[in-house]
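See the structures that follow.
Each of the two complexes below includes subunit A, the first together with subunit B, the second together with subunit C.
Let's look at the complex of A and B:
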């Protein structure tokens, strides 16, 4: 803002403060101000643009465009009319729409939102109402009060977008936007201030609010939201509970993050990282589903507690070996299954376990969810198979894949030993001309037959389906498991990121002596995939498929690009883990831990350390602020002592010398005189007598002595406040 | 050395009764090689003090009674043609003495006053183009009646500045007055006072005083006092650097008399008003022990522990 325009604001806006706002005396603003209000309205609404209903979106765009157009015309007109006069560029907000129309719009809009409420859900309809009011408010700013309301509404709109998106970058953008809105408010309150001074004030105020914000974040009780976050992202990329052949290959092209894991101790090998999400045991020849037929019948048995205690007591699992603890932070999937290594237990109450050993969340994961899991990789799953489960996992739809069915039966006749049979199938995958590819050829109805006998090129779900089908045909209970394999380790953050492209499908077969046993036919076709992730061939294919207009391939290969990406990802991880993941549960846990640790004696030491650190910081700050010359330290201490005495109503008359004042103190407050006289004498001695032949070292020694006297004196004065002498 | 000074003080105090502070200041001033202006009503013991000071220090002494018809030649001396040597010979005036008591200096004409005051500043006199050195040490003790008395010529400010201190004795206390009235000693007895010092010893003492140490903090204090006097909104005159120098010299002398070899702010404060009041308020007269308003005001404005803030 230029100087001249500021002056004219002063003329036009400031006098209004003294007068009472009347109808004639309308709020006048600079054209720039109107445009920045419009710009910020646009930006604030943009943060929510993904959530908006199309009708509202159109309305908002229309309203903004209308406003912009009218103001643009007004500014041009005024500058044409009198290009020199500055005060002309200040004008009251024009009445673009008549009041009755605004009223009508408000009523009809609210009714419309109420009707759409069914579809939108409570939260979204409320947000629509807020934004609708925000859009309309811009048409009605006759006084300062309305302007403040407008800006505050904007801040609400911008921050409510954080309900939907919580990534660190988006959060930062919203913070910047909110600060921008605050800057507008400061501009309204103090229009004569220079822009840089306004920014400084804003920075100062924001800085002051940071400690408060931190305390509120850590300590303020986290209420669970009153609304159900709508399942707006059901179309999100991710695993689904019915897998058609080819689905996972599609998924493998997605770079989206699925979840992150940090292990408590060491990281297991890549080939061990089979993240089980769900078990699909119902196959109709085309699609794998979760056992639908069972649903509804025995809900009680299908779901159980996920605690270790429960697992120990149940007959379906034999836990052996060491546990592996880790924390998983799952991105919102808008589903309820969780990801864990076999066999997973969790002590969290909101996590349950199905009887197929996959974990699930008692609710919809609509926000980033952090949970703690302990897995027992050596546990024996279902040493005894229930008849029902056995039946389900042997079920075949016979009409679709006759050739495969025949092959399975033939294998059974050939091999009586289960493991020999399994090895035989895997060996075929390995030795014959099977290809592992992201671009499997299209398959017709008899998909598995076609794949196994003809095309022989497929992704993990092809192999897993075929294998499972073969096993069932051979009379071995088998099922498909989908989840993720491996992940990318980030050494700077010491965590594992699992992306959608790590999605994987494998099989489980039940053998009488070892229970459910994981068999991954992919390992037979492309061992590299299991051991270290995508092989170079697959990566090449991946790059070809995923690159759109320009290829990322050369960039991907660059060392610094990888490093940068890793660092950024690490920041995002910490943000997710500590800020987003700081849920109500975690909060109460932190508080409880804090209290418990305070009760324990040894932690008081830590507490004191923190206090000392704070004191030290304050001290450093103060000493930096005072900037005492090194050789004047004693004088500074004397002056400090005087200030201290003055605080306790012992004021040295200006013209009094050090010695005179010391005598007066000695006469009036003899109990203080010892330390005060020491300080005064030493100060006078060094200032007048021994000023030229004292070494720095001696000075320092004196200073230390005086400091102790000072502390004593302060203590005495403090005690004296309570009448203790 | 200090014991000698103490003895001197004791002797003067036995003559000038009841004014130990003024006596000490006067002695300090002389030891600091400064001239004194004693300003008071007649009969307050000005002359007695001056006499006693001169005699006790063992210096040659001459008194000049200033009158309105006193000519400069009477003070300085005159060159007279000597027939035998065929040359002009100086007949020295009263000023050729180590201590000159200029009694009632404000009664003389300005011309005579300035002759004396020039001699005080330069330490030498010129008669008919020939310069004659004055004896060493050379002190002038001038006394002055307050201006309100008729027939006086007030000393101009520039000449007041030449006096290191202006003192006033003031009325004695009841006890002192009783003692004065009862004492049998007459004015003339003063002359019989024995000298305590040789010139050599005096020089030594002066040497010693000039080596009294002055810390930067004290210099700062003096600077601050001078600066405050310059910022003052009242009618008062400002303190010149020469005033500052005199202040320091007097303070050193005072410190010496207090048995110290370094100056403390108390020394400055002790000598501040005699040294500075007549420079700050030349027209206001310093009688009847009036409080030295302006110098006290300046003193009260400076914090000796943190002078330059």
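Let's look at the complex of A and C:
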């Protein structure tokens, strides 16, 4: 940027009433502007890059590259044409593509997107349409209005990426980008400003706007959706509702976060953290499914609410003991189950509870969802079992696993007592040669028989399936529960992270005197797995399995890496909890707390008020105080001296020059003259000769000298008042 | 600019209504921002309204809020709040871009009707400011393109920058310290009247707000009648009395250089054309003298309003204006006689101004 052409005055005298925009009316921008437009378009589109169809992506890249080369060539040509003149060259955007071609492109693109709509889904096709318009708009910027439209479109594109991703770093990057888009406008209005100054100005204004935004965010009522919007469609993540043996092993390798929990009071033990997601009670010999599935997803609406009141009134659960309150923040899974400890109640209206005590969300969890749960671990589940449920939970498919069936029946004959029978099976798991491994040998046709009698190596799912099957064979109502076990506690954030690798399966048996009882055969095989998560052996195995091209193992082992990861995760958690999970409920709670603390006159409120007052005072002081340059300070000092002298009846008449007045002072009060003359002379020197030859530093030294003279003078005058000389 | 474009489309009724409103607004403005040759703009006299883009952005913020609410997406809602907050901050920023500017008007304007004049103004700023345009709030009159063609050609090299708004001066950057600017002023009607208000507009920041003020610098315009020359060549119009013809002839004669008679030598005065210097006398060392000529015919040239050929008042004044201008250019002394006043025989530049002012005031 050059300083030469800073003040270019424009005096255009042109007829205004031309209807067609004449050549002169065309918006002219400088090269910097075009490049920043292109750069911001690239950045804005980058935020959505994961969602784009390959075809559109290619088009967007091609369009950007084409424009970049055209502008690059133009700028180079103009700089070659006039290498000496450093003025900013403004030029109207060249017609890179003819209008009819842009029109044709627009039509064909829209039609293409409409056709692809089936595949993309409504939301994505709308996003594609938006971005397509954004790409095309860049080709035609005939007036300032179009530039404004381009900027607003860019902001919209960048913002819409937040529908898909809301992690803290991504969100912050998008926020910065959204505000960064305004740089284009600053450049439009102050093209002479240096780029860094523009960025500084924008950063300053953005920072100023943060407090109000935060206040609005905390205080402005959170509204419920006004109308139904097309949802994000994506592949389902995490547990699936039909489990074949071996499925969870895939999950076990995933480092992805499933959900996070923060307990209100104390954290329960690891072995107590059985997060129920869903119950699978329909087994066809190969696959476990949810029972009564035939009626479809819609029957979710059939189930009642998950409130405590509802649970108390229903006969299917007997609540005893104290409740355990916690908040769960579930990551988007694009399914509808929620995760909670037994027996879970939630007061939220959009959460329901199925008959098998699992919670579900009345919708698809397409973005981070936060919900509050109170669990009663001691509650008795289903003291009386409905006949229909009993029948379902005793149903056996007899073809696939005949040996296991025989074994179950034999056990029944052996033990008449249910608990003895269960203990016997668990003891077998524990004492005989069963292994817990993430790499079980392949089973033919998912045969439980083969696993139980031959391979004897598997993970939770194998054990839970086999156990459940055995129970059913022995005539005990049993079902498989899928969910997560445990979680990793983050001490810096005081919360529990549950990852996909914590996925787990266990069994539930119904006993007449205790209702549904959780039995985890895995605990019998590998107690460590239940008590503290993965054992070191399993961890080793896990690392071996998950390491791809380069091993993360050494890195994982380093403590600082773990520490850092935990810190980052803690920040992300707070973001998720307070920003993404800031619901209307939470808002009312926060506001109530704020009001309460205001009433109590808590210190923090006073502290904040004082802080605000100080900030205001500083601001007022700064705005009132006029910045004086060093040479002005000398003048100010002289005026101050004059005022002082006037107090002591030495008044300088307006017509007098400084020198004349100094002479008068010397004549009337010779004792003062030495110091006064110094000040007066310096002032005169400044006023009539300028200090061009004196450096800043010398000037400063001079000022300090004068100040000391002033103090001496004041002292002398003060003494003189009392007649002391 | 937009409102003006619309103005042409609306019927005269709305125009009348608008005129009445404008009048009310102007009287209010006169009370609000009194006229003064030296002005500082601050919160008392700055107006801010959102531009169309600003209004558009507000709608966009609402749209984002709806999007965020419908998706229950707090980050999008946060961005919409951030934009609202940014909008308010920019409002203040736009205000501070104008606030604190000091203006000092130095002189009044004189000129012929339909000529392009420039009103000089000293602007003092304590910091660098951007994108400020100055113009006179004048009604859009039919623009005489002929007059301004040469002018705009000259300026085109200088103003490579955008926008085609006419009659305004736009500072892309106003540096700290004193700045001299010249605001174009088009003289529309003859007379002596107040200059009117200077419209100072800035959209700096982001084009979201239009910060403006209208200042009255208490200056006068003296608009001389437009000089029209074709009277004496157009025979049909000069069917006038004999005296008038004589007068015209005498005038015509007077500016044919060969017919002048040498009259006397006078001491050279600064500003007199060198062609009239009596170089022989200078060479002889007799000092600088100039040759004074006298009209050959009727002696003193008198421009008399009464003796002009018939025409409307304005036409007659325009003819006189041309005559005065011409005489002044050619250094011919003359006297002016109007029905209500008489300007004595002279040829100095002050005399010319006096005569022209008399025409303007008539």
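Here is the rule we go by: the second predicted complex is superposed on the first by the 478 of 725 C-alpha atoms of A that agree within 3 Å, B and C clash if a C-alpha of one lies under 4 Å from a C-alpha of the other, contacts with A are read in each partner's own complex, and residues count from 1 in each chain.
Quick note on the criterion: a contact is a pair of C-beta atoms (placed from the backbone, for glycine too) under 8 Å apart; a residue touches a chain by one contact, two chains touch by 3 or more.
Since the structure is predicted, the reported quantities are computational estimates derived from the model, not experimental observations.
Put simply, more of the residues of subunit A are touched by C, taking subunit B and subunit C as the two choices. In the superposition on chain A, contact is made by A:683 with subunit B only, not with subunit C. In the superposition on chain A, contact of A:635 is made with subunit B only, not with subunit C.
By the touch criterion defined above, A:523 lies against neither subunit B nor subunit C after alignment on the C-alpha atoms of chain A.
When the shared chain is aligned, subunit B comes close enough to touch A:657, but subunit C does not.
Contacts from subunit A toward subunit C in the complex involve residues 6-17, 22, 24-25, 27-29, 87, 89-90, 144-145, 148, 152, 155-156, 159-160, 162-163, 166, 171, 174-175, 178-179, 182, 185-186, 188-193, 205-206, 208-213, 216-217, 220, 222-227, 229, 367, 579-582.
On the subunit B side of its complex with subunit A, the touching residues are 213, 215-218, 262-266, 269, 299-306.
Residues of subunit C touching subunit A in their complex: 1, 4-5, 8, 53, 56-57, 60, 63-64, 66-67, 69-79, 81-86, 88-90, 93, 116, 130-131, 140, 143, 145, 148, 151-152, 155, 158-175, 179, 181, 184, 203-207.
Listed in rising order, the residues of subunit A touching subunit B in the complex are 635, 638-639, 642, 652-660, 683-684, 687-689, 691-692.
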